[in-house]
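Shown below is the structure under consideration.
Each chain carries a letter (A, B and C) given by its place in the written order, and its residues are counted from 1.
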Amino acid sequence: MNLDRRSFLKTIPAAGLLAGCGKASKIRLALNWKPDPEFGGFYAADFSKHGLDVEILPGGAGTPTVQMIGAGSAEFGIVAADDALVARAQKNDIVALFAVFQTNPMGIMAHASRKLKSIEDVLKGGTLAMQSGLPYARILRKKFAFDRVKVVPSTGGDLTSFLKDENFAQQCFVMDEPLHAKRQGVEVTVFPVSDMGYNPYTTMLAVNGETLRKNPDLAKNMVDAVREGWRTYLDNPASANARMHALNPTVELESFAESAVAQRSLIEANPLGKMTRERWETLAAQLKELGDIPQVPPVEQAFRDL
Amino acid sequence: MRKTVSAAIPFVVVTLLVEGLVRAGWIQAFLVPPPSAVFQTILRDWPELSEAFAKTSAGAILGFLLSSLAGVAIAVFLSSSRRVQDAFYPYAVFFQTVPIIAIAPLLVIWFGYGLRTVVASAFIASIFPVIANTLDGILSTDPALRDLFRLYRASPAATLWKLRFPAALPQILTGLRIAGGLAVIGAIVGEFLGGQGLGSVIDIARTQQRTDKVFAAVLLASVLGLALFGLINIVSRLVLRSWHVSEQS
Amino acid sequence: MTEASIAADRSVALRLSGIRRAFTDLVVIDDLTLDVAAGEFLAILGPSGCGKSTLLRVIAGLISIDSGTLDAEPSGAKLQTAFVFQDANLLPWLTVLENAALPLELTGVGGAERLAIASRVLAEVGLSDAESRYPAQLSGGMRMRVSLARALVTEPRLLLLDEPFAALDEITRFRLEVRLRDLWIERGMTVIFVTHSITEAAFLANRAVVLTRRGCHIRLDRRLALPQVRDNQVRLSAPFADEMKLLLGAMEEED
């Protein structure tokens, strides 16, 4: 065991895991939002079958899963690929193991009544609520003129302003807010961010690099359990939905069912959760161009195919 | 001058300590950025940060002025009778406990995006201590002094403005001191919703994992809070100088 | 000049009949009847907690009575009354001059006029040099003088004092007692002075009433056989010692 000061703090969580090696020790999986269908496979997984005692920690607005994994307050966490690369550039050694969304589920939604044809149209007027700090937003700013649209902060999923104002457009997850809006009587047009060429893996299972090196079996068991869980969820989401709904009762159960169906096409892959070097390299190049990372790193260190 | 130096010493010591710990690897830089990086960011992004600082200052100061005036007025109203207090004071507590994030969509609908929401947020966050301290001060008047006023058949209005209110000034100023810092916090939360100023800088930098910029903005927010606090202290000195024990050396 | 030959107005300034006041189940004043002559200096003596302060506040109209009547001359109208509290009770944010002028401000007298009146009265209590100072800058004795001046600015016909000198040192107390007696003679007001100090009562008053420990019953009601004009030498005289003996005897009696 390497005990220089640099890695001292990082060995503490890993040492804890080593102590429980071989037996089912408590593993924490930190989500980056409240329980809903985007995490369905994790709630459907049978961890104990793979010798794991996993505690899923629901998140919310701004849960810093990247830092939690780095600091050891959770062994595994859910992160997006762009966040992972930025973290690694800051010497936070997190490694992606499984990518739930093969297609980025983020999008911009607008009232269908506006009859808009593209994202560029959205930017021609009205108001747009988005998280301006996210890479896709900054790519949009580089590509298109923003002088006629009023940009305001993201509403965090809340639809109040959207429903009230026909010219209000907002960032969304394609399997989530659009369905809610429709249920409230507003038809929407959705422009997926992936269509404009920005398509990072999303909702990835990530682990601390040190933990991975010390305990590759743990990581492999985790990925196996998660892969099975997602297969189960894609085929039959009902029981996991019920479990998640108990934890997140503000959204109706039928919404969960609808979202589970809507997101399938973004998730299906063979095998589930797979990642390719190409996609990571494309993403790295995009982030370097934005200035989010200083240079393109060796991406094979950023993810592992287990 | 000596007071400023004394106050600055802990800050300098902690800054050097943190810098050392981060450089040596004892604290991970992605959790706590080295102070040198924070200062560099302040210098490099000064145009953006100074404009944000100006915007947040406007929101916080306006919100604070409004909550000071309204808070004192509401407290004076509440002091008029026991029944009025019993009926309305509990609603004042609402201002203290409502989490602004929870009413965010409503604020944006009523006040729109921009300065008005920021001022509203700063107002809501800072008004309660003004009400509570002012009311407490007005109601705590020395009973003997109140007897004196009764003896000369002073009207309730005269008793309020010539006795109870001036007697409450030290307490009112305490309430203002607390409210100042809360107004800054409220303004920043309002900016998460309304999209400008230091709050917006923090929100955006956070999504970019730019902890150095987040800390830079937080540092500037603290400076704003300190400035407000200092301003109130100056006012307190001027108003209480001749007669209150807290300002005698 | 002795008491007996003073051309004092024998008319009654204040008549208390069957006054009763209770606080929850404690009867503080139990059926008190007392006449106070105009121009009299009455000392009310009693042990701590016997209700004398309550009685004074009843006379001032600060506390209501449960039963009985309180009549002031001219009959029906309330006497112009002033009160000096145990604590000087000055408003800390006003100057000495403004504090003294306060009663005039509260009764609607204009700015320049009330300050002029206050200034004159402050001179009477020896505080001309302190007019622009704040209470925080004054000694206890000086604060009490301001309180006294404040009480006199409205030219009260009835002056009530509730152990005003109790917190002061002895020499200051002696000085203020002399001053108070002089002011009484100069202005011819009726004074009721509550105290637990026999020496003080004997020096200041021309009539002393000693109350019982409970219920404000009158144990002794005595016209003091002492000269009208008194200085500190009086305290050492034989008649003074005689009066002290009588008052002490009454105070020491068991209920």
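Everything below uses one rule, namely that a contact is a pair of C-beta atoms (placed from the backbone, for glycine too) under 8 Å apart; a residue touches a chain by one contact, two chains touch by 3 or more.
Just so you know, these numbers come straight off a predicted model, no measurement behind them.
Participant: Need the most distant chain from subunit B, centre defined as the mean of C-alpha atoms.
Facilitator: In terms of C-alpha centroids, the chain at the greatest distance from subunit B is C.
Participant: Taking each chain's centre as the average of its Cα atoms, which chain lies closest to the overall Cα centroid?
Facilitator: Chain closest to the assembly's C-alpha mean: B.
Participant: Approximately how many whole Å separate the CA-defined centres of subunit A and subunit B?
Facilitator: Here subunit A and subunit B have centroids separated by 37 Å.
Participant: If you average the CA atoms of subunit A and of subunit C, how far apart do the two points sit, in angstrom?
Facilitator: The mean C-alpha positions of subunit A and subunit C differ by 84 Å.
Participant: If you average the CA atoms of subunit B and of subunit C, how far apart do the two points sit, in angstrom?
Facilitator: Here subunit B and subunit C have centroids separated by 50 Å.
Participant: At least two partner chains per residue is the criterion; list those residues in subunit A.
Facilitator: Touching at least two other chains: none.
Participant: Hey, what residues on subunit C touch two or more of the other chains?
Facilitator: Where subunit C is concerned, no single residue meets two or more other chains.
Participant: Would you pick out the residues of subunit B that each touch at least 2 other chains?
Facilitator: none
Participant: Mind listing the subunit B positions that touch subunit A in their complex?
Facilitator: By the definition above, subunit B touches subunit A via 24-31, 104-106, 108-109, 113, 192-195, 200, 203-209.
Participant: If you look only at subunit B, which of its residues touch subunit C in the complex?
Facilitator: 142, 144-145, 147-154, 158, 162-163, 166-167, 169, 242-245, 248
Participant: Considering only the defined contacts, which subunit A positions touch subunit B in the complex?
Facilitator: 5-10, 62, 66-67, 70-71, 83, 86-87, 90-92, 127, 131-134, 150-153, 155, 158, 160-161, 164, 292
Participant: Given the complex with subunit B, which residues does subunit C contribute to the contact?
Facilitator: Touching subunit B: residues 57, 60-62, 81-83, 85, 87, 89, 91-93, 102-103, 105-107, 134-136, 154 of subunit C.
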